[in-house]
Amino acid sequence: MLFKVEMTVNIPASLPAEQADEIKAKEKAYSQRLQREGKWLHIWRVVGQYANVSIFDVADNQELHLLLTGLPLYPYMDISVQPLCAHPSSIHNA
Amino acid sequence: MLFKVEMTVNIPASLPAEQADEIKAKEKAYSQRLQREGKWLHIWRVVGQYANVSIFDVADNQELHLLLTGLPLYPYMDISVQPLCAHPSSIHNA
Amino acid sequence: MLFKVEMTVNIPASLPAEQADEIKAKEKAYSQRLQREGKWLHIWRVVGQYANVSIFDVADNQELHLLLTGLPLYPYMDISVQPLCAHPSSIHNA
Amino acid sequence: MLFKVEMTVNIPASLPAEQADEIKAKEKAYSQRLQREGKWLHIWRVVGQYANVSIFDVADNQELHLLLTGLPLYPYMDISVQPLCAHPSSIHNA
Amino acid sequence: MLFKVEMTVNIPASLPAEQADEIKAKEKAYSQRLQREGKWLHIWRVVGQYANVSIFDVADNQELHLLLTGLPLYPYMDISVQPLCAHPSSIHNA
Amino acid sequence: MLFKVEMTVNIPASLPAEQADEIKAKEKAYSQRLQREGKWLHIWRVVGQYANVSIFDVADNQELHLLLTGLPLYPYMDISVQPLCAHPSSIHNA
Amino acid sequence: MLFKVEMTVNIPASLPAEQADEIKAKEKAYSQRLQREGKWLHIWRVVGQYANVSIFDVADNQELHLLLTGLPLYPYMDISVQPLCAHPSSIHNA
Amino acid sequence: MLFKVEMTVNIPASLPAEQADEIKAKEKAYSQRLQREGKWLHIWRVVGQYANVSIFDVADNQELHLLLTGLPLYPYMDISVQPLCAHPSSIHNA
Amino acid sequence: MLFKVEMTVNIPASLPAEQADEIKAKEKAYSQRLQREGKWLHIWRVVGQYANVSIFDVADNQELHLLLTGLPLYPYMDISVQPLCAHPSSIHNA
Amino acid sequence: MLFKVEMTVNIPASLPAEQADEIKAKEKAYSQRLQREGKWLHIWRVVGQYANVSIFDVADNQELHLLLTGLPLYPYMDISVQPLCAHPSSIHNA
């Protein structure tokens, strides 16, 4: 089941750089694990912003919520979620 | 070069159903041709709306503009375009 | 799987009253069938507006899209969809 | 008398974690007491957000205001309230 | 139980003037009847606009919905509703 | 001359509780004095918010500005002002 | 008593040009009469738009409402009103 | 050449009162000097807000930018600028 | 004197295609004449939209207003204007 | 390939002036280097704001992202990006 998720990161200036780097490293590992498991299908950088556009493929809403709130950068993110489904014109639905 | 494109369709009630169906058939063929050519990478339906979220892979801005304004449903669409690029956490960039 | 769906109805003045009444009757029957099937859990009227707040319980995004686009009043509706999941404070989750 | 209430929680980073946990525990107990009393009919988590969609059933506006401002997390919440009433298509009104 | 209701009237140019005048006359009579019954406490004109700010005092949400949807000008109105309650600084609460 | 004034209060967490209480006490006395003088006709609490909807009756714009900027809580308020006048349907204008 | 009034004109394409010209001529005469009477202090064109920024000097809210709703172009205008008063830095207040 | 400029002042609570008063005194002197030079034609207070509506008459865009960024309160202001020109209905254009 | 002007074109479906084409041809000629005169410095197409971003270099606000309202497509345009000036980092200011 | 980029700078008051000046000097040098390389075609100041409107000419989205995130003031900027292409009326396309 597919969802578009848009995440914008706002790390406060008061967070020590070392701590921020540690969280970002965890974020990257977390993201790549979910990508390899086939749950985080796509992640693209939005040009000029500390933000991404992502596509998730999950079993249900509950799993998506757990994956998103488990993001190491979650406390510093604005997240919007939009449910998607198959488009009748897609050649991948035939 | 990747772009997220979001399209919302508003076909006026005054358009005869037969004419609308003809345009939609052309739109589907047009979309599927671009998908097969690898320029329209993804198209998903937004749940509950006559709208889609798409990813285009084009040579440059000019090509994207030509592809979008060539859509048979273009006169009835609201379109927003967001340039994307590789995300450092993507496993597809390694 | 739960979704909050908000629907606002805008029937154009140009639609003949008889035809509008027929569509509304179909809408009511359609809604009540889905309620009896347990897919449309709740529907409340928004005070002062031709609008409702609803809760759907569906198998997946695709089913929700089919149910919503099948609404007899769908061509005259603005629809927004928000995915929900269990709240840890709910007494219905124990 | 029914109301849809949407609450978004913003706990400032400056609040010590221990104190935040204490408030959250009180919030959960408070919410569950109101749910058992039949005043807080539903509470759902919004996917990907520290937010909920709730339905309250109260005697009047005054009671709703007292219940909401009594929330232990109230000082950290954005709250919106929308009055609801019976929908003519609901099968629960017959 | 008090509500602030804001109404903005948009009568389409296509409505014949005679018919519009008839509806406005009915609206005035309807409003004044509710004012005399003590349900429509206040109505003020917004300066420079075909709009009003009103205060209703009703038994419950359902009654407010019935009163508002019964307005002769209802089909041509944008309506927003905000539940109110006693303010602790009001001298009318002592 | 009537104005609708909407005030939303945002007291920063950094303000000591004792000082906040003192300001609120002054605010209440100030408000009640103006109510008794017939300048602050109505004050209602907005359900679920630290906000009010008020009606002022003042000699002119200048007096309203002085009354509002004299509010003890003024530095912590968002204020919006809307000029009102008699509505032709009001039974209080006859 | 001063007010800033912003007016945007939207004359529908369906209004015959001759009729539109007649209304505009009446509008100009109406505006200039009020300017000569000292009630419409200033009127400036917004660059690139069929809109103006105006300053009115009236006895009270009621008079302003009558002047604005008496505008020949009133049925085709969006109007916003903002009450003004003397600024302590103005050299015209000394 | 005329511009409408709207300024809203937000002095942070952390600025010592003495320093704020000094800046405000400089602001007043600066504003009055420009008014006497005929560059700052009008300044009005927005009722209920720490904000003003102003009209500037300057040689060109560059001069306006220099005047605005030279405001002693500039670092604490939100500023919006709208270019104006002569209105054909103005009696001051004849 | 520089201005950024953004224009979005909305030609109504009711305008006959032949008439629309005639207006567009006039628009192109008008635009190119102003470009050759050095008053319309730049015009770019916004990707995916019937809209442009333009830079004008004019003597004053009045001239810009005359140029914009003289556009053959003006009755079908939404226009926004933003005054610009020299940037201290520009290498063209040295 | 052309993009319109709008940047608004918000330097927090907590940043020491000396450090801010150093960053601004680096920003100016960085900007001028890109201008000389032909990648940052235009930069204009928005009148009355610490903001600019810029036109970039880059090889692709990725390069634009690298240039923008490399801005010394990037951590203090709000940035919006809009892809542009040739306009059929431009005299520079012949």
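Annotations for the structure displayed:
Each chain gets a letter, A, B, C, D, E, F, G, H, I and J, in the order it is written, and its residues are counted from 1.
Just so we're on the same page, contacts are C-beta pairs under 8 Å (C-beta built on N, C-alpha and C of every residue); 3 or more make two chains touch, one makes a residue touch a chain.
Protein identities per chain, from UniProt: A, B, C, D, E, F, G, H, I, J = Muconolactone Delta-isomerase.
Values in this document were obtained by computation on a predicted structure and should not be read as measured data.
Common partners of chain D and chain I, by the touch rule above, are absent.
Among the remaining chains, those touching chain F as well as chain I are G, H. Taking the CA centroid of chain D as reference, the farthest chain centroid is that of I. Rounded to whole angstrom, the centroid-to-centroid distance between chain C and chain J, based on C-alpha atoms, equals 46 Å. Rounded to a whole number, the gap between the C-alpha centres of chain G and chain I is 28 angstrom. Chain I has its Cα centroid 40 Å from the Cα centroid of chain A.
Chain contacts: chain C has residues 2, 45, 47, 61, 64-65, 81, 83-86 touching two or more partner chains. You'll find the chains touch as A-B, A-C, A-D, A-J, B-C, B-I, B-J, C-D, C-E, D-E, D-F, E-F, E-G, F-G, F-H, G-H, G-I, H-I, H-J, I-J. Residues of chain C that touch chain B in their complex: 5, 12, 14, 61, 64-65, 68-69, 75, 79-81. Chain H contributes residues 2, 4, 27-28, 31-32, 35-36, 42-47, 52-53, 55, 82-91 to its touches with chain G in the complex. Chain I meets chain H in the complex at residues 1-3, 60-62, 64-65, 81, 83-86. Only residues 13, 45, 47-49 of chain C touch chain E when the two sit together in their complex.
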